[in-house]
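Next come two complexes, and both contain subunit A; in the first it sits with subunit B, in the second with subunit C.
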Partner chain A sequence: MESVEVRLEHLTKEYNNSFVAVDNVTLTVGAGELLALLGPSGCGKTTCLRMIAGLVDPTSGEIVIGGKPITKTPVHRRNMGMLFQNYALFPHMTVAENVAFGLEMRKFSRSEREDKVRKALDLVKLGHLADRIPSQLSGGQQQRVALARALVIEPSMLLLDEPLGALDKSLREQMQLEIRHLQQRLGLTTIMVTHDQDEALTMADQIAVMRAGQMEQIASATEIYQRPATQFVAGFIGASNFFEAEEVSRDGRRAQLVTTSGIPLDVTNMRLVTKRVMVTIRPEAITVRPLGAEDPVAAPNTAVAVVEQVVYRGFMLHYYLRMDDGTEVIAYRQTQTEGWGPVSAVGDRVRISWDADSNHVVPLVAEAAAA
Partner chain B sequence: MKVMDTETGKIPGTAGAVTRDTPGGWLRRQVVGSPNWMILPLLIFLTVFFFMPAIKLMLFSVMTQDPQGRIGTPLTLSHYVRFFQVSLYTDVLWTTIRISIITSVIAAILAYPVAIVLVRGNIMVTRIVTLIIIAPLAVSVVVRAYGWQLILGNGPTGLLNYVLLNLGLISEPLALLFSPVAVVVGSLHIFFPMMVLPLASALGKIDPNLEQAGRTLGAPAWKVFLRITLPLSLPGLVAGVTLVFSLSAGAYVIPALIGGPSSQMLGNMVEQQIIAVYDWPFGATIATILVLIVLAINALSMRLLGGRRIREIQK
Partner chain C sequence: MSGKLTGTSAVMLYLITAGMMAFVLCPIVLIVIISFSDGYFVSFPPTGFTTSWYVSVFQNPEFTGALLFSFVLAVGTTLLSLLLGVPAAFAIVRGNFPGRALCKGLLLSPLIFPVLITGLALLQLFSSYGWSTVKLNLLIAHTVVTSPYVIRTVLTSLELVNPSLEEAARTLGATRWQTFRRVIFPQIAPGIASGAIFCFMVSFDNYPVSMWLADSANTPVPVVLYRQIGTVFDPSVATMSSIIIGLSAVVVLALDRMVGLRRAMAM
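What follows is the complex of A and B.
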């Protein structure tokens, strides 16, 4: 199977001439890559995917696959493998008949069909269930059948719409790795819709974060997590603490900032030119220590807070803290970490601090719409 | 499959019979624990006013009527023999079956697009279509039959003939009224809702994702219909065909008013035998044969619906 590049150019969908569900989306998925469309419910992910599949007509824009525009091609000639959230297996056909459906439409001979169906079912390790009907299978097995049915037609690309949403957590994690493994082995260009950031981080080469029909950021998992482009992305992927701050002085990329509550910040990567910015700090970057007398009063990247809640999450402790001016702060601490000092309890006054490198600046938006 | 529910529903009192404990406990469970008893009033009503007269009528069909009109022994099957030996009677039987089959087949073909629009159309369309289908039910069958008399009238003044003649589509008026065609048209009009409603209900249960999955797998729209929509809507189709067939087989008003002598059906013959000829046993025989045909069709459809694949669809 030859991998193809997929491009969306200024793709827009307006429902009922009034509601813009997908707004001027442009993106490229490299040949053989998996791109995750990530965003909150209702942001237009499914609409986007369905336009690529041909199930929804775009209002404007172009879909280009392997260099060929396919925006006008009807669904049944697009040759795409699509996985639906509820599996969408044909209940009146056996597993083998389900998988053979696409081959029948492509007029393969009976013997070719049987051969390909067997191979596809072996690929998803379900060869022994060929004669079952879908309702006799577990959710995970049904999704595997759907995967075999989509792959057997040798699609030019794979479209997954929250394919694992209905599975329980451990099975979901297993299937994530399995689908990713298959996708990489086949070199199949894939777009996956999800609202689960862990799923996106686990599976994707590129993550496209969507919000209200628009693209916020398209980047690799590490890039998205470590250098979110906007406050929305920083809040949507993992948790973040946000401090509105103003520049005091700057020396190249190094800058001194001060937050609205007066905390001095030392920033090593001041990538914006604006004076007023939002600084985001990941909870795992914040260290919590009991307040000692020897602490410097106004050192940068540190503050005093009160522990409001401690949540035990297995290998992590989540601290919910409140600074004296009322700002809430979240800090994570690994349960096993040595030398982080004793565990602080609810009501303790603590010193929180973090590295200058942990300060990440994003543009300050008028509507503070963090997740 | 609401039509069938009464036939599969348990009769109250049979469920708890196997458990052995105090009679009081049994009663309490029956009355408080299970809602089955709520059909009791209906059951009593049906027993008194339907099952008993029906059984009595069927018994008449194997009895003899003496010259004074008294019905009694000896028991005999001679009425059935006579029915199947006289071609006048078997002709009516075949007319009945033929008209019922044609009516249900045409109804099914017409109902599919309507039911699909009903299920997949937007709310306004759905409401309007529903209204168009349901509204005629408010008008009595007799009134509608007379309406069809006006439309199908055989002379050049019949509404349909008048229009067709003036459009130049025909040169001679058609003889539609008092023919089997008129009966089929009239029955279609009256029984159409019985086809559309079960069909729409079955279509409504089909996950639209299935049809979309079929399309992404390479099936053009008509193949999606044949391979996915049609088989998945079979429960509704079978129910609709059974209903329409049963209702048209038992029709009386339509053939009487717009059928004419060539398309009299079993129902009309029952009436003739009992009211005109005053031959109760033979009238009962024809009625019993009609009931048996309808029961046979229902049994057949139950069998179809009980098949493995259709059971899967209904889950």
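What follows is the complex of A and C.
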């Protein structure tokens, strides 16, 4: 199978000339890469995927696969493998007949079909279930059959529409790794729709975060978590603490800021030119210590807060804190490390602090746009 | 619902069920018994046993002709109803056009209009256009009355078909027609079959519409039956009825064998 590059150029979908589901989306998925379209429900990610599949006609824009525009190609000639959330297996056909369906449409001879079906089912480790009907299979097995059915036609690319949403957590994680492994082995360019950030982080080479039909950020998993481009991305992928802050002084990329509640911040990567910005800090970057008398009162990147709630979440302790001016702060502390036990009880005043490198700056969203 | 009823409530339930079955079946059984009665008038209990009414009824060309006519009319009506009803149901469920709900309501409306009035209205329509081909008029009229049954059952079964099955078939390379034939049709076949049975039965024993439109050369069997009762009230009427009941049962059982009616009716 030859890997192809997939490009979306200014892809737009309007419904009834009023509601814009997908607004001028442009992106490139490298050959053999897996891109996850991530976003809250209604953000346009599914519409995007369905336009690539040919199930929805774009209002404008172009879809280019392997250098060839396919926007006008009807769905049944696009040669795409697609997985659906509810598996969409044909209930009146056996597993083998399901997998053979695409080959029949392509007029393969019976012997070729049998051969290819057997290989495809072996690929997903279901060769022994060829004669079952879908309702006799578990959810995970059904989605594997759907995967075999999609792969057997040797598609130019794979489209996954929340394929694991109906499975329970541990099976979902196993299938994520399995699909990812298969996708990499076959070098199959893949676009996946998900609202599950863990799934996107686990499986994707690139994550495209969408919001209200528009692309917020496209980047690798590390990049998107460490350096979110916007406040929305910072809040949607993982949790974040947000402080609105104003620049006091700047020296190259280093800067001194002060938050609206008066906390001085040292920033090592002041990448914006605006004076007023939003600073995001990941909860796991914040250290919680009992309040000591020797602490300097106004050192940068520290603050005093009251513990409102401590939640034990297995490998993490979650501290819900409130600063004196009412700002809420979340801090995570890893468990199972030396002396991890709760350092503070509810109602204690604590010192919170973090590294200057943990301060990440994103544009301040105007009130109107935020609403 | 889990657990079975026990004690008094179970006994009550059995009694009510038995009563209902008796209520439904008794008249039919009575008619079949009378059809073997060895007397010149309808009476119960029957005065003896004879099959001579069956012999004479089958030698009555008016009755056998009407029976054949009704059978052909019911088959034609069923086919025409399927031809119109299946695509109509498909358009209502999968289509994306304004006024879909209104369309559905109008297509199903013959179910709630009094059939007698529908028949009269059609008679006026046909005569005002000067359509005097009685066979065709009957076919059209019966289809008006029966097509909602097909639309209703196919609608129900189509609504249960997951739309992503069609999408999966399409992405796997199936054209619209291939998708319908290979994926949709097998899913809705029981619905189509039960619609067809309703059509056949409603057409086969329809009196109120046929009454307005039939003439002496084209007489469906219920009309003949009614005339017969008006003329002479002997057991031959019961015999004719028994034959109709038997024929209906054969059609239903045959369809059941073909597509599994229990599955269709369960929907």
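Operating definition for what follows: the second predicted complex is superposed on the first by the 362 of 371 C-alpha atoms of A that agree within 3 Å, B and C clash if a C-alpha of one lies under 4 Å from a C-alpha of the other, contacts with A are read in each partner's own complex, and residues count from 1 in each chain.
Methods note: a residue touches a chain if its C-beta (ideal position, glycine included) is under 8 Å from a C-beta of that chain, and two chains touch if they have at least 3 such contacts.
Note that this is a predicted model, so its numbers are computed, not measured.
Novice: Given the superposition on subunit A, are subunit B and subunit C in a clash or a fit?
Specialist: clash
Novice: Touching A:332, do we find subunit B (first), subunit C (second), both, or neither?
Specialist: Touch partners of A:332: none, neither subunit B nor subunit C.
Novice: Identify the partner contact of A:133: answer first if only subunit B is touched, second if only subunit C is, both if each is, neither if none is.
Specialist: first
Novice: Scan A:53 for contacts with subunit B and subunit C and give back first, second, both or neither.
Specialist: both
Novice: If you lay the two complexes on top of each other, which residues of subunit A touch subunit B in one and subunit C in the other?
Specialist: 53-55, 75-82, 84, 86, 88, 90-92, 101-102, 105-106, 149-150, 153, 159
Novice: For the complex, which residues does subunit A have touching subunit B?
Specialist: My answer: residues 53-55, 74-82, 84, 86, 88, 90-92, 101-102, 105-106, 133, 135, 149-150, 153, 159.
Novice: Spell out the residues on subunit C that touch subunit A in their complex, using ranges where they run on.
Specialist: On the subunit C side, the touching residues are 162, 164-165, 167-175, 178, 182-183, 186-187.
Novice: If you look only at subunit B, which of its residues touch subunit A in the complex?
Specialist: 207, 209-210, 212-220, 223, 227-228, 231-232, 309, 312-313, 315
Novice: Mind pulling up the subunit A residues that touch subunit C in the complex?
Specialist: 53-55, 75-82, 84-86, 88-92, 101-102, 105-106, 146, 149-150, 153, 159
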